[in-house]
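Listed below are the structures to be examined.
Next come two complexes, and both contain chain A; in the first it sits with chain B, in the second with chain C.
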Partner chain A sequence: MPAPPTDGPRDDGRDVLVQPASEALLAPERDGPVVEGDLVAAAATDTHASTRALGLGAKLAMGWMGLMIVLAVFAPLLPVGDPEKTITLDPPCPKVQTLGRTLEVCEITGLGPFADDGTAPGYLLGGDGNGRSMLARLVYGTQSSLAVATGAVLFGMLIGGSLGLIAGYFGGRVDTILTGFFNVLLSIPAIILALALVAFLSQQSAKGGQASGLPRVVILILAIGVVAVPLLGRITRASALQWSQREFVLAAKAQGAKHARIMVREVLPNVLPAMFSIALLGIAVAIVAEGALAILGVGVQPPTASWGNIIAIDRSFLTSGSPHVVIEPAILIFLTVLSLNYLGDVVRARFDVREAGI
Partner chain B sequence: MTDARFAAEYEGPLLEVSDVKTYFETDRGLVRSVDGVSFTLERGKTIGIVGESGCGKTVLSRSIMGLLPRRGLVRQGSIRFEGNELIHLTPKEMRAYWGSQLAMIFQDPMTSLNPVMKIGKQITESIREHLDVDKDFAYELAENLLRSVRIPEPARRLREYPHQLSGGMRQRVCIAVALAAGPKLLFADEPTTALDVTVQAQVLDLMAQQQSERFMAMVLITHDLGVVAGRADEIAVMYAGRIVEKAPTSVLFRDMKMPYTQALLSSIPKLADESHVRLATIPGRPPDLVNPPKGCKFAPRCAYVQDRCKEEEPPLTPSTSPGHEFRCWFPVGTPEGEAALERNKQKGLRATEALVAADTVET
Partner chain C sequence: MRVVQFVVVLWLVATFTFALIRIIPGDPIDILLPTQKSNLQAKAKVKEVKEDLGLDKSIFTQYVNYLGDVVTGDLGKDYGSGRPVTDILKKALPVSLQLMLYAQILALAIAIPLGVFTAYRAGTRADRALNATAFGFLAMPNFVLGLLLSFIIGAELKWLPSVGYTPGWLDPIFDSSRTGNFGDHIQSMILPSLTLAVGQIAVYMRLLRSDMIATLQENFITMARSKGLSDRRILWRHALRPSSITLLTVAGLNVGTLIGGAVVVEVIFNMGGMGKAIVIELNEKQYVALQSLILVMAALFVLVNFLVDVLYAIVDPRIRHARAAH
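Let's look at the complex of A and B:
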């Protein structure tokens, strides 16, 4: 455990942070003949090292997420067409044999999906089962999928994060009660809980008087958000528990700071990197969860597109010659979830580096 | 902090600690970390509290400050600050004292500063908690504070994070934070233990200078008699949660009575020693605070130990010099003590041999 005196301040920092109690034992070895200037210089080098360039994977993941965000935010401005409009083909239109007569069909309604094989010129990713542009639907689907997932995680972070921070900071009975609450929520199968919440909230909001009640997107955010509460809460609690025992928290207390202030100003900023890293993974899980709910029929309500309900509506075409309606959104989900997971790891790694550099 | 309680000038001693006990309820039983400690501290004076790790120094200081976690905590006795009893106050009530009346510097400047908060913010938070000033003025005060703790380029340092500073600088920042609201009493819990030896003296000098400028009292806690030697007005040596010897500094070094104090002092290497001399140590470990020995707590490790020591605990008895008290049946430098040491030397007691070996080197 004792670090050799030749090690830089980086190792020292870690030792100190992990085991403040052993500080007295380590101190004589660590101090040695290091002058102050050296320490400052070494610390500066370390800071520099932690801002080193991102790896290729991280860049690709960030690029992909950037693209998805641009698609989601600027969907109405992009030249992708109307996601709800059934495609009309330009003449000469395909000939269709019906009742012994040959008809020229220029508007394709309910004719089934088609790939960009000439039957739908100009529609890069083909059409869906209702003859709507897949490209437009995917772009608008990005919007609702990301909105639901991000909203749900923000909700989970707000509620779960606050409860976790309180549990970790106060400890004792408060911690026991809140951890118990998280465990109860965790013991209910996530998808069943979300399903029940969607059903309950839809019913309640319909009763509320307004014709439509809460938009389905908001209901989904709340439902998936509640499922995310215990997960984010436990992570925050674990991190807050650790940081709350640091001496600077006691030092703040000894300076007369109030609990709320210590929690928000001293503990929270230290917990945020861990929360952010988990939030990225959480968004990935929430995107998949929205898809699962869509398959179960309680996702984003058609005709509004989401990645999940694009798959859900036309999943029967997967085996009947037009797999693109399922594969295209599946690829988007796959790459997005992969990027988010990767970025989550990158954030965590950077967070560790920074902590070691202190 | 303009509180009615602090407005009137109080004539008595700044801090009166009498028979303070601090126990922790654990699964193993009651841990008697501080077991009946009394001392008084006048304004502007320094008391040094010295002892090994685990003898209750830190618990004592945190108990006086009211900073201990309350679960399983038992506190008894009386802590009077400017005549006001503190021991029954809730943390909420203590907040009126924290920072503005009582402040504390911790051992490790690496962990007592928030790693993700800029230095300026850490100091101004403390200032603005206690003084009704706007942000810009608080920053001005913070800059002056940093200058007064001799940090070069204070304006730049305010915008830096703790990891950009060296250990000594960080401890100075901690001192600045503690001094921000002008406390009357400063607890310094091993303030230099985590620092480079060359920086130790600077930081101690700085604290002494600030103390005299502000007419602030200080409780200086350390395991190193050398640290308090030139800096404390009075020294209390603690062992197993009790004060075993207490005296004005000059008296203590001239005329120590307690074998533990002697053992602590002889375990400091001296410049006059030859090189490669084995360091004098105190054999054994501090006693278990759940089941402390029956008689004198130091008896199992003492060079002077006699049968009586193992049965009866010596009371705190006054010595010939004023203000000097100790707990020992066979004090150092008295005929009884010498006789006891001689008897133990014949018996070949390990502790005695260690002490005698140290003495031989000294002479």
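Let's look at the complex of A and C:
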């Protein structure tokens, strides 16, 4: 397979920016061997330093992500109404000009801020293409979009991280096989791979009947998660490879510790920072991926809302006088991805000695 | 050696697409023709599919036959419309290829001057403003950007077509009946190419900037300065080439992103390329055709990666010699 001259992931544009994270640990900050007591102390000073270094941008980004998490977690408790119910307004209804006549319309289909036919009274963000409350759909959409993205990244970290740790720690033939596996997965364009997995997994579950079939959200988590496996795997491997050659690992081996214990207790804690900064960027990529899959018709299954499928289903309303139907979820995606990218950069800069030294 | 790896990866990808349908437990015919088991006409179709795919034979025979079909260019067909996949490809592939090519050229044409400029003016207000803009565009998914461009420049301002596609120079090579006015072709491609390029511009610019800043601190640049060469000459003739190797590599490897992006952008702009073809086969539940389309996209990516790898060795003599030494 074509070996990329760079060691970072190469499948997504964003990953180019991510790349230094894998090199971050090539030049660890502390020279001494990490023993457990030392780690606790290091963690304490790290936390202190990170709060001190946080700029306004990072605070805004954290605030926005906090808000999104609250919306996602507490969606059913918030006073936003039912996201799947078509709203019927109480008379008097807004008047709409159609073909020279004035009609009273009691449904809020396509009404909203900036819409040609005016706003929907009582519904701040207007109605979608089926006359449902945009506010409710956006809040519940936050829930499914974040659930898919976080789930996918956790899956990728669990599988990719474990495989990468094993590859980096053992090296040799194990490393060759696992790296080869990552490269084959990377040789299929990410969106195409995710699309193929969703299409065929949902076909399988439809066959087994509704009872045994996997919900679409779980299928999306698996599909996007599988795409994330080689990306996270390679980063973890590169990092684990470096740390596994350090003296404290040798010391642990000399004391007769088992491989599993060394990997989990000695190598893993050092590899985690690199994985974490990638995870933040990964969630951003996964949110966009769900949107792209929705455009291709395999996103979160309607009537359940997600940011992606709100845009995908009603995108024709953009040009027919109701741009808010697309613009509102687009703003949420934009700000969330921006915040995650920014936070990812902040976390990475903290562990990237090369860049921090300049 | 490169060629062997290339073939091995292609083989693994083909195996993967083969497995997509077969590893699912149960009768593959339920997946391939989920709704058509009842009436008489459908029964004939089921028989046809079973014979085409050799479903009554062993899985190993099916696998060997599948690989044979792929190698000889038989990619199956859409059992709903009866169209062979190769016919679908003749129409769809040139659209996607041209879109990716234009997007890549556009991205490099915009990103290289910006990267050089921001490296030269590193730390100034202009540099920070451009970097912040690039960072912002990175957070803009291509489907959102595409919809906004189509809406604002296409539908509202009416400067360019908001959706649709006119065949260009590559289409007649695949299918001689598809010809179009070249001016119309370019007009129909501007917004989609720009949509696809914007994400890459941000990546390429930031990459070139950081490499260029490192190059500008090298001794040979100080040397050139002390000879009294103009800044312009130093930047473009001395500093750009050694700084652009990472950029070119990433531009090559980024084709995977471009393929994925093109699929989505085509659907947004209703262009009838590979993306549209995939959506159609998906909606029609034509999994044989879908499987082949996925295989083609993956093969394209593997091919480009292979070519980049070969070109890279030609461009950079250090790599050629390092490989020869192995």
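Convention: the second predicted complex is superposed on the first by the 270 of 358 C-alpha atoms of A that agree within 3 Å, B and C clash if a C-alpha of one lies under 4 Å from a C-alpha of the other, contacts with A are read in each partner's own complex, and residues count from 1 in each chain.
Basically, a contact is a pair of C-beta atoms (placed from the backbone, for glycine too) under 8 Å apart; a residue touches a chain by one contact, two chains touch by 3 or more.
Keep in mind that this is a model prediction, so the values were computed, not measured.
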Which partner, chain B or chain C, touches more chain A residues: C
Which of chain B and chain C A:203 touches, first, second, both or neither: second
First (chain B), second (chain C), both or neither touched by A:269: first
Touched partner set for A:348, first chain B, second chain C, both or neither: neither
Touching partner for A:188 - first (chain B), second (chain C), both, neither: second
First, second, both or neither for A:318, with chain B first and chain C second: second
Which of chain B and chain C A:298 touches, first, second, both or neither: second
Touching partner for A:253 - first (chain B), second (chain C), both, neither: first
Chain B and chain C contact sites that coincide on chain A, given as residue numbers: 12-13, 16-17
Chain B - residues contacting chain A, complex: 53, 65, 67, 71, 95-100, 102-104, 106-108, 110-117, 125-126, 129-130, 162-169, 174, 177-178, 180-181, 190, 193-199, 223
Contact set on chain A toward chain B in their complex: 12-13, 16-17, 20, 23-24, 27, 31-32, 34-37, 39-40, 43-44, 46-47, 172, 246-248, 250-258, 261, 265-266, 269-270, 355, 357-358
Chain C-touching residues of chain A, taken from the complex the two chains share: 1-6, 10-14, 16-17, 183-184, 186-193, 195-196, 199-200, 203-204, 206-207, 284, 288, 291-292, 295-298, 311-312, 315, 318-319, 323, 326, 330, 333-335, 337-338, 341-342
Complex contacts: residues of chain C adjacent to chain A: 2, 5-6, 8-9, 12-13, 16-17, 20-21, 24-26, 30-31, 34, 135-136, 138-144, 147-148, 150-151, 155, 162, 199-200, 202-203, 206-207, 246, 249-250, 253-254, 256-257, 259-261, 263-264, 267-268, 275, 278-279, 282-283, 285, 287, 290-291, 294, 297-298, 301-302, 305-306, 308-309, 312, 319
